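Here come two complexes built around subunit A, the first alongside subunit B, the second alongside subunit C.
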Partner chain A sequence: MSKRLTITLLLSPAILIIVTLFIGGFLFGLFQSFGYMPIIGQHDMSLDAYRNMFTDTKFFGSLFLTLWISLAATILTIIFAIITALAMRQTFKGRRIINFLYQFPITIPHLVIAVGAMLLFSQSGMFARIFYALGIISDQSQFPILVYDNLGIGIIYVYLWKQIPFMGLIVISILQSVGNDYEELARSLGANRWQTFRYVLLPLIVPGILPISIICFAYTFGSFEVPYLLGKPFPAVLSVLAYRLFEDVDLNARPEAMAMAVFIAVFISILVIFYKKLIKRITGRT
Partner chain B sequence: MSQSAGLSKTGVIKKQSHKQRQSNVMRNIVLLGIIVGVILPMIPQLLWSFSFRWYFPSLLPTELSSRAWVYVANPNSKILESFIVSLIIALSVTAIGIVVGVPAGKALGMYKFRGKELIELIILAPTIVPGLAVIMGIQILFIRFGLSDNIVGVIIVHLLPSLPYMIISMAGVFANYDPQFEEQARSLGANAIKTFYYITLPVIFPGIVVGAMFTFLISWSQYILTIMVGGGRVITLPVLLFSFAGSGDNAIASALSIIFVLPAIVILIVTSKYLSGKSGGMGGFGSI
Partner chain C sequence: MTDVKLRNLEKVYDGASEPSVKNLSLDINAGELVALLGPSGCGKTTTLKMVGGLHDVTSGEVLFNGVRVNDIRPEKREAVMVYQNYLLFPYMTIEDNIGFGLKMRHVDKKEIKKRVGEMLSLVRLEGFETRKPAQLSGGQKQRIALARALIIRPKILLLDEPLSNLDAHLRDEMREMILKIHKSFGVTTIFVTHDQEEAVLLADRIALMFNGELHQYGSPQEFYEKPVSKKVAAFFGNENFLAGVKTGATVKTEIGDFDVEKSDVPDGKVTIVIRPESIVLGDTGHNSFQAPINRRIYMGTYTRYDVRVGGNAWNVIGDPNYTEEYDEGRNASFSLPKEKIWILEE
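Right, the complex of A and B next:
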């Protein structure tokens, strides 16, 4: 068997599934966004859906909220992943138990933690009760709004809980593959702990987590469940807004739902391509 | 002379141990943060699931009850049924994921070929572009081909977000895999099955475990794709949990959360050792 044939056989089932669902879905969505829906007798194509979308202030409110949530969640994830990974890589008593706990969030569905966040941070939640018991607040309405809030704090919290260990494990595996040599060398040359971290460890860690951080960002940008449960009805994140249009009983809202889906797909793809180029420039230089 | 050297030596040791202690304190604070942070959002569900009345500002439930658990166990509530439906879907997705993903991972991990970058791009695309955005478009075809409102359609659609993770894990282990071992085994007279079982499988096993874990969990926790293709007819656990979380019945939502987490805990106990760096199960994700 030629090498080319082997590779084709190995790859084709997976590629067939992904291409059919992904490219097929995108193209069908694209046609529907132009208003082309033969099933309900619509054959004319137009850009009306896009025009409506881009002149709607609701859309831009949603876009900014979505960008804010995904950016904040990703940056905070990176920071906490590095801090926790540095603590986790050493040997200490009870390491096995803490290691198990650290991996725990990876397997827990977002939904469960969204429910947890609701019960913890809402104005009748556990924290409001604790604050009340301590006399910090005298009424539940005084407790800050942390879920169904304008800034998506509850949503960001859930993403952080889920993503920190995921990225942290990758940082730990980077640190393990690097070993202690560079660090010890820097220390023996008189670098203090901060300098060792800043000039030796950080430059080793960062290139390794840049690619995965864009996956975190993209995941947060497009995910639906957590903001649907913990977000305000308005402004809602883009995916929630798109889904609401999609399930609208009025089929005339369909093209606009599809336009938004196409926008999400194209926007995130452009961001990723741009980001990859940026990474190449940064890591290529150092 | 020797005495002063000895003194300075002990001085250095003392200084180091002081700094060491400082770093230990910092580390312990971070570790404590990890413990508290991980456990925190799961405590309210444990309390709520056993509570009957729990009004503000009581710190603990005012009245305990097994109502939520009785409801969960009651066949009329369809909760156990939805658990089984979720399990069938997630296990099917995982099985298909392994059969399709292991060969693809092998091709990507072991071979260099023309067009490889394009193939990698196609495989990674679903991790970047949300499933919601593309499945919305193709849903109409699922209806056309009779794949909507049933389990088969849901299984197919769950493959989209999960398959890339299976392939990435496998590409990671195959990248470190030396095909010469296989050749040596074959030249020593082992047949293809024996070679796979004794040589290939042990090496790639951590990748299969981690990939299968991700595949299962992505399918297990999927809500929106299930709703879009299942049309409210395929009732999985997340579908029920979602409707209860929105209804304000905290006790039942909490009990459902706990049931929802159980397989995840079992899976973590089984896969824990493969997740940590050494065995390389997560290796593929560092080199995307």
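Right, the complex of A and C next:
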């Protein structure tokens, strides 16, 4: 058997899955977004679904909420990942246990964390009950709205819980590869701790975490289960809105649902291309 | 001008059972150029970093002009470090790299630009302002690193193996530049090296360290002519040792008696040490002996002989034009000038 044939055969299961599930599914959705739905007798293709989508205020409400959640979750992840990574780099008693606890959330599925957040932080959740029992609040409804809230705080919290250790580990490995010499040099040249961080560490870390930040942003942008469980019914994030339209009993809503799904896919694809270019630039430079 | 005193300095790293630097005391005069010399892992860089405040001192004191600086943060010490691998900030231009220390001190931008220009001309790299470190050769990077350190007019300059990453030609050039800069700035300079030749060529005084301990501190000449131990002599390339018993001004050895100059070394078991180039080929009639030549190597400007003296392998350096009587395998005559013999107490 030739080498080429062997490689093709070995790769074929993966290729088959990608082609049928992803590309096939995408094309199927793309055609439906153009109104091509033979099952209900629609054979004509048009851009009506896209036109409706881009003139619908509901869509923009969802888009802004999605962008807000993705951006806030990504920026806060970066900030806390850097802070925690800098702290984890120090030697202190109990470091191994803290390190284990730090990495633990990576292994927990988003869904479990979302359910946990619901049980802990909702107005009927555990913390609200404890606060009520302790007399801090006189009614459970006085507990701040942390899930099903307008700003998506509960959703952002779940993403942070999961993404901070993930990005933190990357920052730790970057810091390890950079070593202490640059910091020491900066201190010896007269930089205080803050200046050392601002002018030396940060510029050395950022090229490494920028691509990961794009991945985090893209993931949050397209993610469904967490906002579905912890988000307000309206406005909902794009993926949830698309799902609701997809589930609509009126099959005429299907093309708009698919147009929204295509929009999400294209947006994420652009981010992935941007990520690839960034990686190429960084690896090419080093 | 700042003098540096180290008093019983000790460093134990977290989790280490042995100290990396043990009971180190050293006086460095203001404006002096001192080399911390020793093999890898002997504690020389740790010592340098303790002087710079980059590593905490476990015990002992670091004094600048008599003032204890143990608790002064590195950015306030004005003891600037130059690293072996240059460590230019890769994302900054050369101008920003050199001006870094001044920027941290909030010096006016115009002033920074002016002083960067002066530094670039000092290190003969005018016109390099807008380049990035990746566009520079190793030698150029090291010169920029030096300029970056000197621009803040430090009290003490700390050089960590400044020449070891450079090839032979650039090393000579850089060595000359360090000497020139040291002369014109008069800054107290401590540099770390594992290369004894580099230490000899650059330093006013050398501090030789083994296993975190100071073994000898003195002028380069003293290390060649008056090593304090066989280990120090061997580090400086001299393993011409001969055991004997000293009585007055005579040392009795297995190959004969040798007259030596009066010294403070008490009578008893001693080791004779003599540099290869101090041994005279031939019988001068005084302190002479015969020994077999194992090997003769012509080195161009001199000839090296591997000679068996007692049970020891000696090196003898002689004239490049050798004669037949010093052929390999021959038993030849050698003499040890009395004033060149150094005696070590056993």
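Throughout what follows, the second predicted complex is superposed on the first by the 240 of 286 C-alpha atoms of A that agree within 3 Å, B and C clash if a C-alpha of one lies under 4 Å from a C-alpha of the other, contacts with A are read in each partner's own complex, and residues count from 1 in each chain.
Please note the rule applied: a residue touches a chain if its C-beta (ideal position, glycine included) is under 8 Å from a C-beta of that chain, and two chains touch if they have at least 3 such contacts.
What you are looking at is a predicted structure, and each value in this text was computed from that prediction instead of being measured.
Touch criterion met: A:200 reaches subunit C, while subunit B stays clear of it. Using the contact criterion defined above for the overlaid structures, shared-chain residue A:229 touches subunit B, although it does not reach subunit C.
Of the two partner chains, subunit B is the only one that A:10 touches; subunit C does not reach it.
Taking subunit B and subunit C in turn and counting the residues of subunit A each one touches, the greater count comes from B. Shared-chain residue A:79: touches no atom of subunit B or subunit C. In the superposition on chain A, A:239 contacts subunit B only, with no contact to subunit C. Of the two partner chains, subunit B is the only one touched by A:106; subunit C is not. In the superposed model, A:91 makes contact with subunit C only, not with subunit B.
In the superposed pair of complexes, A:39 makes contact with subunit B only, with no contact to subunit C. Of the two partner chains placed around the shared chain by superposition, subunit C is the only one that A:186 touches, whereas subunit B remains out of contact.
Shared interface residues of subunit A (contacting subunit B in one complex, subunit C in the other): none. If you check the complex, the residues on subunit C that touch subunit A are 14, 49, 52-54, 73-75, 77-81, 83, 85, 87, 89, 91, 100-101, 103-105, 134, 148-149, 152, 158.
Against subunit C, the residues of subunit A that register as touching in their complex are 91, 181-182, 184-192, 195, 199-200, 203-204, 285.
Only residues 3-4, 6-7, 9-11, 13-15, 17-19, 21-22, 24-32, 39, 83-84, 86-88, 90, 92, 98-120, 124-126, 128-130, 132-133, 140, 158, 161, 169-170, 172-174, 176-177, 193, 208, 211-212, 214-215, 218-219, 221-225, 228-229, 239, 242-243, 246, 257-258, 261-262, 264-265, 268-269, 272 of subunit A touch subunit B when the two sit together in their complex. Only residues 19, 23, 26-27, 30-31, 33-35, 37-45, 48, 56-59, 99-101, 103-104, 106-108, 111, 113, 119, 122-123, 125-138, 140-141, 156-157, 159-160, 163-164, 167, 213, 217, 220-221, 223-224, 228, 238, 241-242, 245-246, 250, 253-254, 257, 260-261, 264-265, 267-268, 272, 275-278, 282-283, 285-288 of subunit B touch subunit A when the two sit together in their complex.
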